[in-house]
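Letters A, B, C, D, E and F mark the chains as written, and numbering starts fresh at 1 in each.
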Amino acid sequence: MEELLFKARTLTEALPWIKAACGKIAVIKYGGSAMTDAALRESVAQDIVLMKLVGLNPVIVHGGGPYIDDYMGRLGMEVEFVDGLRVTDDATMELVKMVLVGNVNKTLVAAINRHGKFAIGVSGDDANLLTAEPISERLGRVGRVKRVDTSVLMRLVDDGFIPVIASVGVGEEGGSYNINADTVAGEVAAALGSEKVIFLTDVDGLYRDVEDPSSLISSLALGQAREILESDALSSGMIPKVQACVEALDAGVRRAHVLNGAVEHALLLEVFTDEGVGTMITHTGEGG
Amino acid sequence: MEELLFKARTLTEALPWIKAACGKIAVIKYGGSAMTDAALRESVAQDIVLMKLVGLNPVIVHGGGPYIDDYMGRLGMEVEFVDGLRVTDDATMELVKMVLVGNVNKTLVAAINRHGKFAIGVSGDDANLLTAEPISERLGRVGRVKRVDTSVLMRLVDDGFIPVIASVGVGEEGGSYNINADTVAGEVAAALGSEKVIFLTDVDGLYRDVEDPSSLISSLALGQAREILESDALSSGMIPKVQACVEALDAGVRRAHVLNGAVEHALLLEVFTDEGVGTMITHTGEGG
Amino acid sequence: MEELLFKARTLTEALPWIKAACGKIAVIKYGGSAMTDAALRESVAQDIVLMKLVGLNPVIVHGGGPYIDDYMGRLGMEVEFVDGLRVTDDATMELVKMVLVGNVNKTLVAAINRHGKFAIGVSGDDANLLTAEPISERLGRVGRVKRVDTSVLMRLVDDGFIPVIASVGVGEEGGSYNINADTVAGEVAAALGSEKVIFLTDVDGLYRDVEDPSSLISSLALGQAREILESDALSSGMIPKVQACVEALDAGVRRAHVLNGAVEHALLLEVFTDEGVGTMITHTGEGG
Amino acid sequence: MEELLFKARTLTEALPWIKAACGKIAVIKYGGSAMTDAALRESVAQDIVLMKLVGLNPVIVHGGGPYIDDYMGRLGMEVEFVDGLRVTDDATMELVKMVLVGNVNKTLVAAINRHGKFAIGVSGDDANLLTAEPISERLGRVGRVKRVDTSVLMRLVDDGFIPVIASVGVGEEGGSYNINADTVAGEVAAALGSEKVIFLTDVDGLYRDVEDPSSLISSLALGQAREILESDALSSGMIPKVQACVEALDAGVRRAHVLNGAVEHALLLEVFTDEGVGTMITHTGEGG
Amino acid sequence: MEELLFKARTLTEALPWIKAACGKIAVIKYGGSAMTDAALRESVAQDIVLMKLVGLNPVIVHGGGPYIDDYMGRLGMEVEFVDGLRVTDDATMELVKMVLVGNVNKTLVAAINRHGKFAIGVSGDDANLLTAEPISERLGRVGRVKRVDTSVLMRLVDDGFIPVIASVGVGEEGGSYNINADTVAGEVAAALGSEKVIFLTDVDGLYRDVEDPSSLISSLALGQAREILESDALSSGMIPKVQACVEALDAGVRRAHVLNGAVEHALLLEVFTDEGVGTMITHTGEGG
Amino acid sequence: MEELLFKARTLTEALPWIKAACGKIAVIKYGGSAMTDAALRESVAQDIVLMKLVGLNPVIVHGGGPYIDDYMGRLGMEVEFVDGLRVTDDATMELVKMVLVGNVNKTLVAAINRHGKFAIGVSGDDANLLTAEPISERLGRVGRVKRVDTSVLMRLVDDGFIPVIASVGVGEEGGSYNINADTVAGEVAAALGSEKVIFLTDVDGLYRDVEDPSSLISSLALGQAREILESDALSSGMIPKVQACVEALDAGVRRAHVLNGAVEHALLLEVFTDEGVGTMITHTGEGG
């Protein structure tokens, strides 16, 4: 009976969050362990379907770093990095696309669709939804987002689908570009005027002091996030995420979250309970 | 953390129920303590709004017995019963309608609408939605349902509203009729082709042996429910409920539930958790 | 044959009025003898249905003074007035609501619906359509309109229904408020951007000299109506009506009418014939 | 005041007829004095617009006999008749079309449209709506209806327009055919599943005895109409009208009327008053 | 095979033009040999249907000069000209309308509709689409366009039809006016915000030197067209066409074309091939 | 000029084909040289866009044999065949999916989308559109179509998109299956009730005598196609194509075509010219 009461309280606790979310869009950057661990992927898939069912429309963005390295190794392709970015020639780009679009994307799509026909996987080529431009000649087919065409995304969302976007862009002169998936998530969230953008990563959030686990920041104002970015306090993997958060908020998104995707159902707890988990960045630092 | 895990599990436990409920209709007979106790009313209102938000469309039916007795007493009107039914002359009918439509109905409507503009209260007169005919000359304006016009109800449901129906019917020759609210709930559920009909009452459900609290029946086949009806095992208040369950199932409703409305959030637990509470009657006795 | 010609002329006389009315809204304050006399009520119901059928959408507003006094007397409740307004404690408010919503409202709804499923009765609680605030602490639950939410009214009108509104508002902190029905009619007309607002009362209209029946004013400019309001020329019952006319016109309503509801089919004659009856107030005093 | 009462009664008398007519279609064969007399034409135009405004959708069909004769005379073209039908060579057909489509049709269209943009004139060529086939080689371009394509008519009606159809058909191998307008009216009424078909002519209706003005028949059963057709009791001009009535009723039209278009507003009186004028033919002879 | 290749190239050459045209409107002034020669009319009809099918919506405008002269002669009516404009009394106007609306219009409508139910013929009377005013008292019923009501045209276009408009306007006080069809075409194009307006005439286009056939101008800037208009370089028949081109472009139309309708399929070649034929006027003289 | 005439004739020749195609669906199996040769791919992309623009809705299906072999070789994976079918273990399946979905699919999608945002690539996982089941345990993840869910395809088509389907199915118990693309094309055509199914291959069509190039069959009845299938006359690559043709026609598709994709614009010539190229199979062998 105790347990039933607790269940009932959990469900009613979700009521105001569900009401507030109704009809809005949440862009979720999928990555980290949640991508590589099958059980966590299943838990994320459940959370995403539940969000859709109760009226908060998820749009997923993903990259696929580790899988690419693996295949490049098996094919004996050489990996070269410049300033932390993978130099991407045409052959590498072909492989990147195969891994992202034909493997990572469809694996998540299939996990979601075991709960019903919800997910449709797309990449920048589809209906030209992500147009890209090269970052530098040196890096070859590494690109940045030039334009997000939201029309096909909105149509899919309105038709009851969950778009799952592989972070590959199409060049205006043709050809594909590999784009950082964190950046794509921020840009898509901004272009869709989404309510929130959520980054699933493998840490619990941002820390005041990276050395001190007790210094986890639960909520943060946009201005403070900017200061942290300008300091040296962030790990290299965290930089594009916080950058994307800042840019999305600048473009009108109301809340950005960094969650630990290794915690089961982190997404659900963040979205539908009072406590939340991870770090939330808002314009004022106080609930958006 | 333990607690968070439990919350997450409660929410994901709701997933298959939400998926199954999506777009369907649940007719809820509101009554008993849930009607007379303000805190319970608030809890029921929350449950109803949550159902609506996650896609299971509630349609509420209610009567108002105790309130009627109270006003009749204050007005010095005499109460006469024949075969357990209140003899209802025109003056009584006027009062019944004032209490049901102008008091009980709007009190629930207001409780629901503290969460947003969801509920609209109606009675049989509105768009002629409940047509009634007299049961016997002796009883005056006590009626039975002759026809449910579902068109206005469906329009309200499709427009995002929650109809709250007072159990008063309009006669074909004019005039109003007082109809048993349990019966109205069953007829409305049947006419709407609803997925389920739920009776909020003050007992935990049906018992194999009324004397023995441990003999609560958790699920029951339609045939067994019919046998119980024909036996003498039911209290007089329970008879019209079980009768209405049987008739609703005969007309194609898939599940009928008898719940204890005095248990906070009984509705929510029944609809969105695996255990359920109260007694469920289905065609086969096994989950419908 | 003479008679047929006259009929034909009457019908063609209606043509320009019907053309002008097509798709517009007329808010009608229902009250006076038309409310208390069954034959007049039937005549008003017919007029309202005819208006709806030929394309002028009626929205009805009503109070219920005399009925409230009657029940208060029977219940031995004390009636106290301050500045002409009934002091309304919680018990009185409960009764007011029962009379207005459960009796007067449904009686008119039923009279209209004998011609087809047109009318749906609502009050401020329904979909939170009338939000109220208290006038003064002294008067208890006597309120004024704070906000009219027209969305549910427009949806009912567009779906082919005739909304019938009882003048009870819902407080922002919960609880109900009794609002003057003339005021509600004016506010609803303004909020709906309606073409006209019509007050059914028991006098033939406004008089230049209340003592002199031959001084009935047939049309009046808004400025003149304001002057009359500021003078002492109006009976106390007429003041809120003229006030409501003035406020409705200020808010953009094009014509306000004061009609004698004791004249059979006054509504029809006013709306669909060249002569009109009663007093019409427009911005310029010349046909709006 | 007397007069006002009479007006009010006339308008309320129209209520049940308007209710019954709502959304239905009435095909009107326009001809006789109503076509040649400007004042009568104006009166018919008013009646048609009023019908449209209150929800009974008129579809007009017309021929143009007298105007054709006039132009043929002025052009010195020879008129030859076989079995009462005008032999129609290609030059005659060109003239017929010019008169019907370019003159009679637009004159009525313009009369209607002085009340608003309601009427759109069409002939069989437009969207191929009337396909015709020749009656006999001898008669040249005299045709009968082969197929009515109602799709464009229904679209015009649904878009709020009044189609005015000149009785010219298009041959399957090209070329135009002159078709009897009474027949076209009957066929169009049948194809549209219209509620009624009305023939405006210059007599008061059908007579039991053509010699005896007091023997005017006010209503008639289909069977009796068939008997009259087979007897010799009808004038030659009346035969195609009664024939068209019979065929329309056989095809499911509910009421056929023969009215005297020389009576001002005959249309209005027939459709919206209790008495009606002229002769009505129904399946049973008793109001259809 | 050679031939097949050429066919394939022709079809693919059409691709960018079809893409650019999709959903836009082209107003076509129909006249000259294409109106009087049956084979050319058939070729124009085909071109128009093909344009419609591939998504460029044609709206046709026509006059009918030569046919009018012919009938006036046969009827012995006197033709008087003032400043090159036909003095038009009421009898002449009646004839003009019969010829334009009942003959020229329906002949083109029928030619188009041999390919399916596409065309619907209208004139200014229909839904009051062209309102006219007199040019001068002297000229009688010669008018200019006062207002184009595009609502019915757009509805026909959206419903999949091709409107064919006879250049007859309706006066605000009633009566018809004969309007120059070139002018009507320009005004209709402007009112519809159409992509292009095309004049089918009997010359190959505009010439730098009318005497020198080799001086045909293939494209022209709006400014240059204006200069030519102000010079004396144009034949009297060409003046209203160039004037209409200039006014249409001033009102926002993007391209105006003057084509030789005596060249088979000139329309098709102009619209769907790279070369084009005739003279194109654009804002800059370089493809609009 | 000669050339212009020929162009005009080519375009008008397309008219009846465009008219007949309007709003219908053509499923195209993309493969052979048209897949591997960049110039041919560009030509096919143009043809597909032109079909879409003129109203014949293409739905593309493709496999990707040669690309798979290539990658398997580079990864040192062993290729084993049983009865001509590639034994497909989980690692092979992962690679197949990467090649088909992430490479071949997006390459065609990008080629089409250089003409506008038309194509959206999907595979069986997306919205669960292709459900598969294994053919035999021995072959591992080689599957056959179990169910085609056309709802998402129809929505994409109706929204103006061109679906491009990679022939990968999702198992009911999860996991992917490699399905023969010819078979998928036939099943998709049948499920969509498409007008035609077209196989792009590298031969000119079916031959009466494979040795004799002059024996190319231009049209064939369904019965004859069945006979050919049962004889030994077909090459192994042609068998699944003819089988798919036969099954599609049995399921109601009207025409099946086998075309040589190595001929530039073969698709366009087949669909929009009178001659056609390749072999057409219909129910009667005479144009379907």
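Note that in this section a contact is a pair of C-beta atoms (placed from the backbone, for glycine too) under 8 Å apart; a residue touches a chain by one contact, two chains touch by 3 or more.
Small disclaimer: the values here were computed from a predicted structure and weren't measured.
> Show which chains lie in contact with chain C and also with chain D.
Touches both chain C and chain D: nothing.
> Between copies chain D and chain E, are the contact residues mostly the same numbers or mostly different, with half as the line?
Same, since most residue numbers here occur in both copies.
> Determine the centre-to-centre distance between chain D and chain F, using the mean Cα coordinates as centres, and give it in whole Å.
Their C-alpha centroids are separated by 56 Å.
> Which integer distance in Å separates the CA centroid of chain A from that of chain D?
So the centre of chain A lies 69 Å away from the centre of chain D.
> Out of chain B, which residues touch more than one other chain, so two or more?
none
> Chain adjacency by touch: line, ring, star, complete or other shape?
ring
> Can I get the ring sequence of chains, opening with chain E and turning toward chain F?
E, F, A, B, C, D
> Which residues of chain C touch chain D in the complex?
4-15, 18-19, 22, 43, 46-47, 49-50, 53-55, 115-116, 264-265, 268-269, 272-273, 275, 277
> Within the complex, which stretch of chain E touches chain D?
Its residues touching chain D are 74-75, 94, 97-103, 105-106, 109-110, 113-114, 117-123, 125-129, 149, 151-152, 155, 159, 161, 168, 170, 174, 176.
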